[in-house]
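Take a look at this one; I'll ask things after.
Just so it is clear, A, B and C label the chains in written order, and each chain counts residues from 1 on its own.
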Amino acid sequence: MRSVGSKVTGVAGAALLTLLLFPIYWMIASSLTPESRLFQSPPLLPSTLSLDHYRALFDERDFLIPIRNSLVVAATTTMVALPVAALCAYALARLRFRGRGVLLALILAVSMFPQISIVPPLYLILRELRLLDTYPGLVLPYVTFSAPLAVWLLTAFFRQLSPELEEAAMLDGASRLRALWDVVLPLAVPGVATAAILTFLYCWNEFLFALSFTLGPERYTVPVAVTLFRGRYQVPWGQVLAATVVATVPVALLVLTCQRRIVAGLTAGASKG
Amino acid sequence: MSGQATAIEREERRLARWLVAPALVFILLGSLVPIAATAWEALHGHDLRLPWLGRPFVGLANFVEAIGDPRFTSALLHTVGFAAITVPLELGLGLALALIMHTARRGRALIRLAALLPWAIPTVVAALVWRFMFDAQAGIITAPLRTLALVGESFDWFVHPLAAWVPIGAADIWKTTPFVAILLLAGLQTIDPALHEAAQMDGAGAVRRFGTITLPLLRPALVVAAAFRMLDALRLFDVAYVMTGGGPGTATEPLSLYAFIALMQRLRFGYGSALSVTVFLLTFAFALIWVRTLGRSLVGDRT
Amino acid sequence: MAKTYPNGHRAIRHVDLAIDEGEFVVLVGPSGCGKSTLLRLIAGLETPTSGRIVIGDADATGLPPQARDLAMVFQSYALYPHMSVRDNLAYGLKVRRLDQAVVAQRVADVAAALDISALLQRRPAQLSGGQRQRVALGRAMVRQPKAFLLDEPLSNLDPALRAQARAELRRLHRRLGVTVVYVTHDQEEAMTLGGRIAVMRDGAIEQVAPPLDVYARPANVFVAGFIGAPAMNFVPATLAGIDAPAGAVAGIRPQDVVLGASGQLQAVVDLVEPRGHDHLLHLRLDASGVPPLLAVVAGGAPPALGAGVLLTLPRERLHLFDGRTGTRLS
C-alpha cells in the first residue's frame, strides 16, 4: 500500500512540478528564440538560440531606466517602511496600551484594502503637490501598503522572542528603548530581513499605483514598462518575453537564496502567530 | 498609593504611543484619509476634462448612474463570478499541492522552490507569459488544440467573450495556488503526527483520517487562505488589464478595471470614485461576513 | 500588597513580607501560587494593583526595573544570545556607564570566582547548562546590586548538577553576604537553601519561618503537607487516640510512624517501595474512610505484601490541626 501511495504522490508531484515550472521555462526558451521562429509551431526544445531580444531590449528600448526606477522605489520604500513598522510592531507585541486590539485590526484591514479605492484622491493630491511621475509619489503609497504587512509579520516575530531577554536587560539598567536597541533588534534581524524581502517583492511587483501615478517612460517601473511595450496592433513578443525574464531575475534570486525565510514570513503573516 | 503604582504603566503607554505614531500617520494619511476622500469625491460631479464645470456636490447621483450602467453591472458580475470560480479551484489545488509537499519524502525543497517562483514573480509577468502561451498563432496551448482539431483554424481565445476568461483564470490560478499551498502546508505541519498514528491504531484508513483529522484541524488555515484569496480576487486588476484589457469589448472587465478606465482614461473622477467605493464596499462586506461567520476565533484571540 | 491581572485573575491576594539585609529568603509553593509574580513585582516587571514595595528605605513602587538596582537570574537564564559571555557579564555595567577599566576588573573577578574565565569569549549557545547557569549568576553578581532575585535558577539543570549548584549557591551567599530572594517549587531546595522560607498558596503567604521551624511546626495543613517528603500523613485525631476538639486532624510524618508489636493500630501492607537505605510502606488501616498511611522503615527485609502489621503514632510527634480551618492547634 505504502509504495503505491508514495508512487502516486511521486507522479502527482512530478506533474505539479511541471505545471509550476513550465511557464517559466517557456518564457525563458521563447525569449531566446529568434522573432522569425517565434510564431511557427513551437518545438518544446528551441533549436536555435539568440540573444537578439535582449540586445534590442537594452539598446533600443533602454530597459535599464525602468529597472533603475523599480530599484530606487523598492529600496526607498523598504528603508522607510521597515523602521516605522518595526517600532510599531514592538509596541504591539510587548507594550500594554489602550487601543492595541483596534490598531492591530486596523492594520490588518488596511493591508486588505483594494488599491483602486484610494487611487482617485491620491492622484489628485499628488497632482496638487506636483508629485505625479516622481519617486516620492510612488514611495508614499507603497509604504502605506507594505508597512501593514511588515507590522503584522514583525509583531508575530517579536512575540516569538522571549520577553525575559528584555526583562534581563531592564534589570541590568537599560531603559525599554535601550533594551529594544541592544537586545531585541539584533535578535530580530532574521524577522526584519524577511520583512525587507517581502516589502521589496511587493514594490517590485506592484502595478496599479505605478500605472496610475507615472506618466512617461522616464518614471515607469518595470511592470508598467513591460506592459506598455505592446503597440496598438502588434506585440513585440520577443522583447516582451526578454523583459519578463529580466523582471523575474531579481525575484528568482531572492527566492533561491531566501526561500526558508520567505515561507516563514508568509506563514507568520497569515497565521495567528 | 496606586496612582504611583501606575507610573510605570503610564510611562509604558507613553512610549507605546510614540512607537506607534509613525506607522499610524502613514496608515491615516496613506489609506484612511484617502478612502474617506474617495467616498467624498464619489458624491461630486468631477470631470478633469471639463474643468469649467467645477466640482458640484451631486449626492448619490454617481451611484444611481452606476446602477443604471450596464457596464457597471456586468463588471460587478464579472468580479464576483471570477472570485466565486477561481478561489475554490485555488483552494482545492492548493490543498492538493500542500498534501504532496507534506508527504513527499524526496524533492520537497524542489517543489517548495517551484511553488515560490510563481507566487513571487510580478503578476504582470505571469499574465504576459500566459497571454503568450494562449496566443492564437504561436501559443503552446492553442497550437496542439488546433492540430487535434479541437478548435477551429481561426480560433482565438481573446476574441471570444467567454473563452477569454480561460487564460485569465489559468494565469491567476497558476500564480496564486502556490500561496494557498504554502499557507496550508504550514497548517499541516502543525498537526501532531501522533494524532494520525493514534487514528491508525484505532483502525482509520487514509481517507477517513483525512476527513476526520486533517480537514478539521486544517480548518483555521483554510479559513485564512480563503479570506486572503477572496479579498485578492475581488480586487482583480493586473491580470485582466494585461491579458485582455477587459476585452473583447468589455466581456472580461472586472470592477477595478472599469473604475480605473473611468478615472484614468475618461478622467471622470466623480463617477470613477463611486466605482472605486463599490470595490471597497464589496471587499469590506465580504470581510465582515467572513469574520462574523467563520473568523471569530481567528481574530478574537489576537488581542 | 496585592496584584490583580486585568483578566481578573488575582495572582497575589495579600502579601506582607519584610526581608532583612543579607537574608536568603526562599519563596516556595506549588505552580500558580503567585511566587513568580511576587518576585516580578519586587523586580518591577509587574506593577502592584495596590500596596507598596520598599527597597532599603525608599519607596520603589513607582520605579521601573532599571532604577531599582536589583539583579535577577531567570529560569531560562535569558542570556543575550548575540553577545559573548564577557559582553553578557559587562552589559549591565556598560549601560550604567562605568569606567572601562572597572568593568574589565569586575568581570574578571566574577569570572574567576565562578570559574568561568575560560568561557569569556564564547556565545551562550556554546555553553552547557551548568555553564549557562553560572554565567547568569555572574551577570547578576558583577553588578553588585542591592539584592538578587532568582527565579527557579536550578530547574533546567539535571539532578546531579542541581545538587552541586545548590551547595555552591549556599557557599556563595555565605561569602558575599548579599540579600537573596529565591523562587522554587521544590520544597527540598527551599529547605536546604533558605535562611527563611515563605510557603505560598493561592497568592498568599501561609507561613514564613526558618526551614526547620517550618518543618517542625507547620502553621497549617497545607504547609505540613507541602514541606517534607514523603508528604505528611493525615488521620482523624480520634484515630490517633488523643484528646482533641471534635473534627481535629492529626498529622504525622512517614518517618515518625513506628512499626512494632506494641502498636495499637492494625494495618495491612499494601505496597512496598524500596528506596535503598530504607523502604516506603503504604499501609491500609482497618478503619474505613482513611487513606493509606505512609511509613518509612529501616532497610533490610521489608514486611511481605498483605502482611498485617501493628503500628504506633507517637504522641509527641503528632501535629494537630483544626479540622475546618486547617490551622495548627496548640
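By definition in this document, a residue touches a chain if its C-beta (ideal position, glycine included) is under 8 Å from a C-beta of that chain, and two chains touch if they have at least 3 such contacts.
Just so it is clear, the model here is predicted, and its values are computed rather than measured.
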{"item": "Contact graph of the chains (line, ring, star, complete, other)", "value": "complete"}
{"item": "Which of A-B and B-C has more C-beta pairs touching across its chains", "value": "A-B"}
{"item": "Whole-Å separation of chain centres (CA-atom averages), subunit A against subunit C", "value": "54"}
{"item": "Whole-Å separation of chain centres (CA-atom averages), subunit A against subunit B", "value": "16"}
{"item": "Rounded Å distance, subunit B centre to subunit C centre (Cα mean)", "value": "57"}
{"item": "Residues of subunit C whose C-beta touches two or more other chains", "value": "44, 64"}
{"item": "Two or more partner chains touched - positions in subunit A", "value": "none"}
{"item": "For subunit B, residues that touch 2 or more chains besides their own", "value": "9"}
{"item": "Touching residues (chain side subunit A, partner subunit C) in the complex", "value": "162, 164-165, 167-175, 178, 182-183, 186-187"}
{"item": "Touch list for subunit C against partner subunit B, complex", "value": "44, 47-52, 59, 61-64"}
{"item": "Residues of subunit C touching subunit A in the complex", "value": "43-45, 64-66, 68-72, 74-76, 78-82, 91-92, 95-96, 139, 143, 149"}
{"item": "In the complex, subunit B residues that touch subunit A", "value": "9, 12-13, 15-17, 19-20, 22-24, 26-27, 29-35, 37-38, 41, 96-97, 100, 103-105, 107, 109-118, 120-126, 128-130, 132-133, 135, 137-138, 140, 143, 147, 174, 178-179, 182-183, 186-187, 206, 220-221, 224-225, 228, 231, 234-235, 237-238, 241-242, 256, 259-260, 263-264, 269, 272-273, 276-277, 279-280, 283, 287, 298-299, 301-303"}
{"item": "For the subunit B and subunit C complex, residues of the former touching the latter", "value": "1-2, 4-9, 11"}
